[in-house]
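Structures are listed in the sections that come next.
Heads up, the next two complexes both have chain A, just with different partners, chain B and then chain C.
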Partner chain A sequence: MNNIPFISIILAMIGSIVALLLGKKPKTALAMTQIILVAIAAMSGMMIPYFLQNGGTITYTLGHFPAPWGNELRFGLLEAILACVFAAVVFLAIIGGKNGIKEDIQSAKQNCYCSLLLLLMLSLLALIYTNDIFTAYVFIEINTIASCGIVMVKESGETLKATIKYLFMSLMASGLFLISIALLYSVTGHLLIPQMSEAIAHLTASGTYIWPLMAAAIMITVSLGVKSAMFPFHTWLPDAHSTATTTSSSILSGVVVKGYIILLIKIYYRVFGIETIRGMGLLHVVFALGIIGMIMGSIFAIREKNLKRMIAYSSVAQIGYIYAGIGVGTWAGLSAALFHMIIHAFTKPLLFSSAGGLIEVSGHSKMIEDMQGAARRNRWAGIGFVIGACSMVGVPLFGGFTSKVYLAMSGQDKSIIFILALALSSCLNAIYYLPVALKIWTKRTEESTAAAEGDVAPADYAVSIGCFSAINIALGVGGFLLVYMLTQGVQIL
Partner chain B sequence: MSLLSEDGKKTVLSFGDWVNANSPEIPPEIDYAKGGDPKGPGAHGHDDHGHEDHGHEDHGHDDHGHEEAHGHDGHGHDDAHGHDAHGEHGHEHAHFEPHEIVMPKREKKPKVKREKVQLTGVEHSYRVFAVISGILLALVLLVTVATLPRFGSADAPAVNEVSRRYLEQGLTDTGAVNAVAGIILDYRAFDTLGESVVLFTATVTVIFLLQQSKRKNGEEKTEDEVDVNTGVRSLPAKVIIGITFPFILLYGIYVVLNGHLSPGGGFSGGTILGGGLILCHMVNGERFTERFITVKRCTQIMAAGLFVYIGLKTYSILTGANGAASAIPLGTPGSIFSAGLILPLNICVGLVVACTMYALYNLFTSWRS
Partner chain C sequence: MNLFNNYYELAAVILFAIGLLLLLLQRNLIKKIIGLNIMDTSVFLFLAAKGYIAGAMSPIIRDGQTDASLYINPLPSGLVLTGIVVAVSTTAFALALALRWYQQYHTLDIDGVVLKNVLKGEK
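Right after this comes the complex of A and B.
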C-alpha cells in the first residue's frame, strides 16, 4: 500500500521511455500507454478503501534520509481519489479520441505522443503526491513541456501559434513559481512542506519577513493561476484547448489545469495555512476572480461560433466556479470546489470527445452552423454532448447540478453574490449549450435521413462516451458519497 | 515549413511570414519583411548579390527584436526563414552554414530607416500595460530582495539543521567528498531524477516537432544541404577541432567520473561532452558525426541512461522507504569507486545531458521544410 504512489510514478516514467523506443510500432505504444494508465487508476483506486477504513495519511521517504534532508511523498484519501480520477480520465480521453490521434498525428510520431501523455500523467501524479515544494517545481516543468508538446501535435499553423502562446505564458508562470520558492527557502530554510509550514507559522507569529512571505504567496497564486487559466490569465486556454487534437483537448482541460489547482490548494492549506492566506486578503481576490471568471467565461463562450472554442471558454467559467469555491475558505467550500473539479474532469473530456465525433461527421468543420444533424450521423457523440451539456448547465440528476448545489450551500456563509453569480452563470451556460444540443439533433432539411446515417462510431469511442456519461449521471445521483469522502479527505490536508 | 491552412489546403509559408500573417497584434497589411527602406542593394553592404528581398527579410527580423512576434526567433531559425521564403535564390549565401551563428557579416549592418508602424489604440494600451506591469514586477521583486536576510550571513534562516547535516555528515551519509553531488544524487535524488526526465521530455517534444519521418536520401542535395553535411570550409577550424575534440571529450568524461570527488558531476560533465559533440558537428558537418552518433542513437543512449538511473534509484528508494538497509557499500571516501550509487548515477545523468544537448542541436540545424 505504501509503495503505490511511488510505483505508479515510476511505472509511467518507464512507460514513457519504452514508448519512445517503440517508434516502429505505434499501436503497441498506444496499447501499452492504456494498460499503464489502467494499472495506475486501479492501484490508486485500491488505496481509497484502505484510507476510508484507517484514515490518516502516509508519509513516504524517498530514499534513506528522513524529512528535512530527503524528498518525501505524502498521501491520504484525497490524493488517492484524485490520482484514480486523473488516471481514469486520461485513459478514457485516449480511447475517446483514438480516431483523432490516427488522423492528426503521423504514425511515425504516435509513439512520441504516447510518451508525452505518460510524462504528463507522471507529472500530475507527482504534483498530487509531493510533500516537497521543489519536487513540485521540477514536475511542473515536465508538465509544462509535455502539455505544450501535446498541443502542437497536430502540426498545423494554428496549433503552433497556440503552443507558442501557451509556452510563453506558462514559462513566465514557472519563473514566478521558482522565484517564490527561492523567497520561501531563504526566509524559512526548508523545502519540505511540513517544515516550511512550521517555519512560516513562527515567522507570521513573530511578524518577521512578512513582505517576502506575502510576495511569495501572491506570485504563487498568479503563477498557478496562469497555468490553471484563472480568469484574467486565461487567454492561452481557448487557443490551446480548441486547436489541439481531441485527446489533447480532453486531457488538458480535464486534468492538466486541475493539477495546478490542487497544488495551489496544497500550498494554501499546508504551506501557508489558510488563516495566513485569509489574513493577506488573497482569499477575497481568488473569490472575486472566480466570480468574474464564472460570468465572463460564459459571455465569451456565447460569442463563439466555433464549437471547440466555445467548450474551451466554458472551461474558463468552470474554473471560475472552482476558484470561487476555494475562495469561500471553509472546509465545505473546499470540498465543493474539489467535487466540482472532479465533475468537470469527467464532463469536459466528454464534451471534447463528443465534439471531436461531431466534427468528424460534419466535414471536419468546427463551426456550429455546419453541425446541423451531426448527432444523427454519430449518435454516441450526440448523446454524449447532450449529457455533457446538461451537466455543465446544471440540470438535476447530472453531475454539474449536484456540484453547483454544494457550491451554493457552501457559499451561503460567504456572500449572496456567489449564489446570484451561480444562478446567472448557469443561465448563461444554458444560452450557449442548449441551442447547440438542439441543433445537432435537428434534421438537415435538404438531406434524407437514410443518407445521413452512415458513419458508425468505433467501439472504443462508444465505451469512452458511455463511461464518461455513466460516471456523470452516477455522480449526479450519488454525489453525496464522493462529497463525504472529499470532506474527510480535505480535513487531513 | 508547410502548414495546413484552415480549409485544409496545403500552403507553404515561412514561419516568420506565417506568424506575421496570423498574429492578432499586427495588422495584416503591414509586411514587416518588406518594411525596410526600399533603396535596394546599396543599403546592404554585405548583400552584393542584389537580392533585395532576401536582405530585407533578414533585416526585418534583426531590426524588430522588440516585436513580439519575432521574439522567439533564434539565429539559426532566422536563417532558415530567409531561406524558406526565398528558396529560389540566395543559395550562394550558404545560409545554413552552422558558423553563421557567429554572424560575422552582421558587423557591416547598415542603419536602415524604418517606417513607423501604425498601432491601434488597443495595441497601444496593451504595450503600455505590458511595460508598466513589467516595471512594477521588477520593483516589487527588488523591494522583496532588499527585505530578505543577507546572503551568507550566519543567522539567516537557511543556516539550519538541514544545511548543517549536508555539510557535516554528508561524507559519512553519502560517501561523497563533493557535498553537492551528495545532495543532488543521494539526499534529494528524486528531484534529480525529475530533472533528468525534464531533459528527456524536452528531447521527446523537439523530436516530435522537428523529426522528419523520411530523410530524402535519394533526392539530389541542394547546395546548402551539402554545406551543412560537410561543415565549414575553414581549414584552421577543422585542424583545431581535430586536435581538441578528443581532449574535450576526455575532459567531459573526467568531470563526470570525478563528480563525487571534485566540483562537477553529471550535469556539468554532460554539458562539456554535449558541447564537444556540437562543436564537432558544426565544424565537420553531419556527414562526419553521423558515423558515430545520430539522433536515434542519442535517444537510445538517453533511454538506457534513464533506465539505469530509474532502476538504481528505485532500489534505493524502495529499500529506504521500507526500512531496509541498502546493500551498496559506500567505499573509502576519496577513491574513485566510492560514494555508493553516486558514480553510476553521475554517468547516467552525464549521458542524458550530453545526448539531450546534441540531439536538440542536431534536430534544429538539420531541419528542412
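Right after this comes the complex of A and C.
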C-alpha cells in the first residue's frame, strides 16, 4: 500500500520514455499508454477501501533524508480517489478520441503524443501526492509544457496561436508561483508542507511577517487561478481547449485544470490553514470570482457558434462553481466543490468526445449550424452529448444535478447569493445546451440520403461514451456515497 | 530604512516586476521570452540572497569542520539549480514555438498591427 503512489509515478515516467523509443510503432505506444493508465487507475482504486477502513494518511519518504530536509509523498483517502478518477478519465478520453488522434496527428509523432500524455499523468499524480511545495512547482512546469504540447501536436495555425497564448499565460503564472515559494521559504525556512504550516502558524500567532505571507497567498491564488482558468484569467482556455484534438480537449478540461485547483486547496488548507486565509479575506474574493465566472462563462458560451468553443466556455462556468464551493470555506462546501470537480471531470470529456464524433460526421465543421441531424449519423455521439448536456444543465438523475444540490446546501451565510447564482447559471446552461441537443437529433429535411454514411462509431468509441455516460448517471443516482467518501477524505487535509 | 539594507531583495522584486510587465505587455515573442528570463532570474537572485550568510563559506565541508554556522545555507542554491533547469526547458519550448510562428507568418508580432497586415496580405 505504501508504495503505490511512487510506483504509479515511476510507471508513468518509464512509460513516457519507452513511448519515445517506439517511433515506428504508434499503435504499440498507444496500447502501452492505455495499459499503464488502467494499471494506475486500478492501483489507486485499491487504496480506496484500505483508507476507508483504516482512515489516516501515509507519509512516504523519498531518498535517505528524514523529515525537515528530505522529500515526501503524502496520501490518504482523498488522494486515492482523485488519482483513480484522473487516471480513469485520461484513459477513457484516449479511447474516446482515437479517430481524432489518427486524423490530427502525423503517425510519426503519435508516439510523442503518448509520451506527453504519460508525462501529463505523471505530473498530475505528483501534484496530488506531493508533500513538498518546491516539488509541486517543478511538476507544475512539467504539466505546463506537456499540456501545451498536447495542444500543439495538432499542427495548424490556430493551435499555434492557442499554444502561444496558453504558454505565456502559464509561464507568467509559474513565475508568480516561484516567487511566492521563495517568499514563503524566506519567512518560514521550510519547504515541506507540515513544517511550513507549523512555522506559518507561529508567525500568524505572533503577528510577524503578515505582509509577506499575505503577498504570497495572493500571488499563489492568482497564479493557480490563471492556470486553472478562474474567471478573469480564463482568456487562454477557449482557444486552447477548442482548437486541440478531441483527446487533448477532453484531458485539458477534464483533469489538467483540476490538478491546479487541488494544489490550491492543499495550499489553503494545509500550508496556510483555512482560518488564516479567511482572515486575509481571500475566501470572499475566491467566492465572488467563482460566482461571476459561473454567470459570465455561460453568457460567453451562449454567444458562441462554434460547438467546441461553446463547450470550452462552459468549462469556465463549471470552474466557477468549483471556486464558489471552495470560497464558502466550510468542509461541506469543500467536499461539494470536490464532488463537482469529479462530476465535471467525467462530464466535460464526455461532451468533448461526443462533439469530436459529431464533428467527424458533419464534414469536419465545428459550427453548430452544420450539425443538423449529426446525431442520427453517429448515434453514440448523439446519446453522449445529450447525457452530458443534461448533466451540465442539472437535470435530476444526472451527475450535475446532485453536485449542484450539494453546492447549494453548503452555502451557509452566503447561501442566498449562491442559490440564486446556481439557478441563474443553470438556466443559462439550458439556453445553450438544449438547442444544440435538439438540433443534432433533428432530421435534415433536404437530404435523407445522408444516413448512407452510416454509423461510423468504432467499438472503443462506444465503450468510452458508454462508460462516461454510465458513470455520470451512477454519480447522479448514488452520488451521496462519493460525497460521504469525500467528506471523510477532506478530514485529512 | 529597512528597505535599503535589503537591496538584493529590492533589486529582485524590481527585476521581477520588469520581467512580468515585459511578458504581459510586449507583442514581440522574443521580447516576451526575454521578459520571462528576467523574471526567472530575479527569483534566482532573491533565493541566492536569502541563502547567503555574510562571511560564511560555500557549503562543502572543509578541514573536517562540521559546525553548520560556518557555511551558507545550501538549500536555496539547490532550488536555484532546479529553477535554472526549469527555466531553460520552458525557454527552449517557447523559442521553438516562436520559430514556428515566424515560419508561418514571417513576423514575431503576435497580435499587433504587423500581424494584421501579414494576414491581410495573405487574403
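Here, the second predicted complex is superposed on the first by the 484 of 493 C-alpha atoms of A that agree within 3 Å, B and C clash if a C-alpha of one lies under 4 Å from a C-alpha of the other, contacts with A are read in each partner's own complex, and residues count from 1 in each chain.
We adopt the following convention: a contact is a pair of C-beta atoms (placed from the backbone, for glycine too) under 8 Å apart; a residue touches a chain by one contact, two chains touch by 3 or more.
The shown structure was predicted, so the numbers you read here are calculated from the model rather than taken from an experiment.
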*After superposition on the shared chain, which partner residues are touched by A:Leu116: those of chain B (first), chain C (second), both, or neither?*
first
_Just checking: does A:His364 make contact with chain B only, chain C only, both, or neither of them? Give me first, second, both or neither._
first
*asked:* With both complexes overlaid on chain A, does A:Ile164 touch chain B (first), chain C (second), both or neither?
replied: both
*A:Leu62 contacts which: chain B (first), chain C (second), both, neither?*
first
*First (chain B), second (chain C), both or neither: which does A:Gly175 touch?*
second
_Partner touching more residues of chain A, whether chain B or chain C_ = B
*Identify the partner contact of A:Ser223: answer first if only chain B is touched, second if only chain C is, both if each is, neither if none is.*
neither
*Considering only the touch criterion stated at the top, classify A:Pro212 as touching first (chain B), second (chain C), both, or neither.*
first
*Which partner does A:Ile145 reach: the first (chain B), the second (chain C), both, or neither?*
both
*Where on chain A do chain B and chain C both make contact?*
134, 138, 141, 145, 148-149, 152, 157, 160-161, 164, 168, 179, 185-186
*How about chain C: which of its residues touch chain A in the complex?*
16, 19-20, 23-24, 29, 32, 36, 39-40, 42-43, 46-47, 50, 75-76, 79, 82-83, 86, 89-90, 93-94, 97-98, 100-101, 104, 110
*Touch list for chain A against partner chain C, complex*: 134, 137-138, 141, 144-145, 148-149, 152, 157, 160-161, 163-164, 167-168, 171-172, 174-176, 178-179, 182, 185-186, 191
*Report the residues of chain B in contact with chain A in the complex, numbered from low to high.*
3-6, 8, 13, 18-19, 22-23, 72, 140-141, 143-144, 147-149, 156-163, 165-166, 173, 186-191, 194-195, 197-198, 200-202, 204-205, 207-209, 211, 213, 299-300, 303, 306-307, 310, 314, 316-322, 326
*For chain A, which residues count as touching chain B in their complex?*
2-3, 6, 10, 13-14, 16-18, 20-21, 60-65, 68-71, 106, 108-109, 112-113, 115-116, 119, 122, 126, 132, 134-135, 138-139, 141-142, 145-146, 148-149, 152-153, 155-158, 160-161, 164, 168, 179, 183, 185-190, 199, 209, 211-212, 215, 364
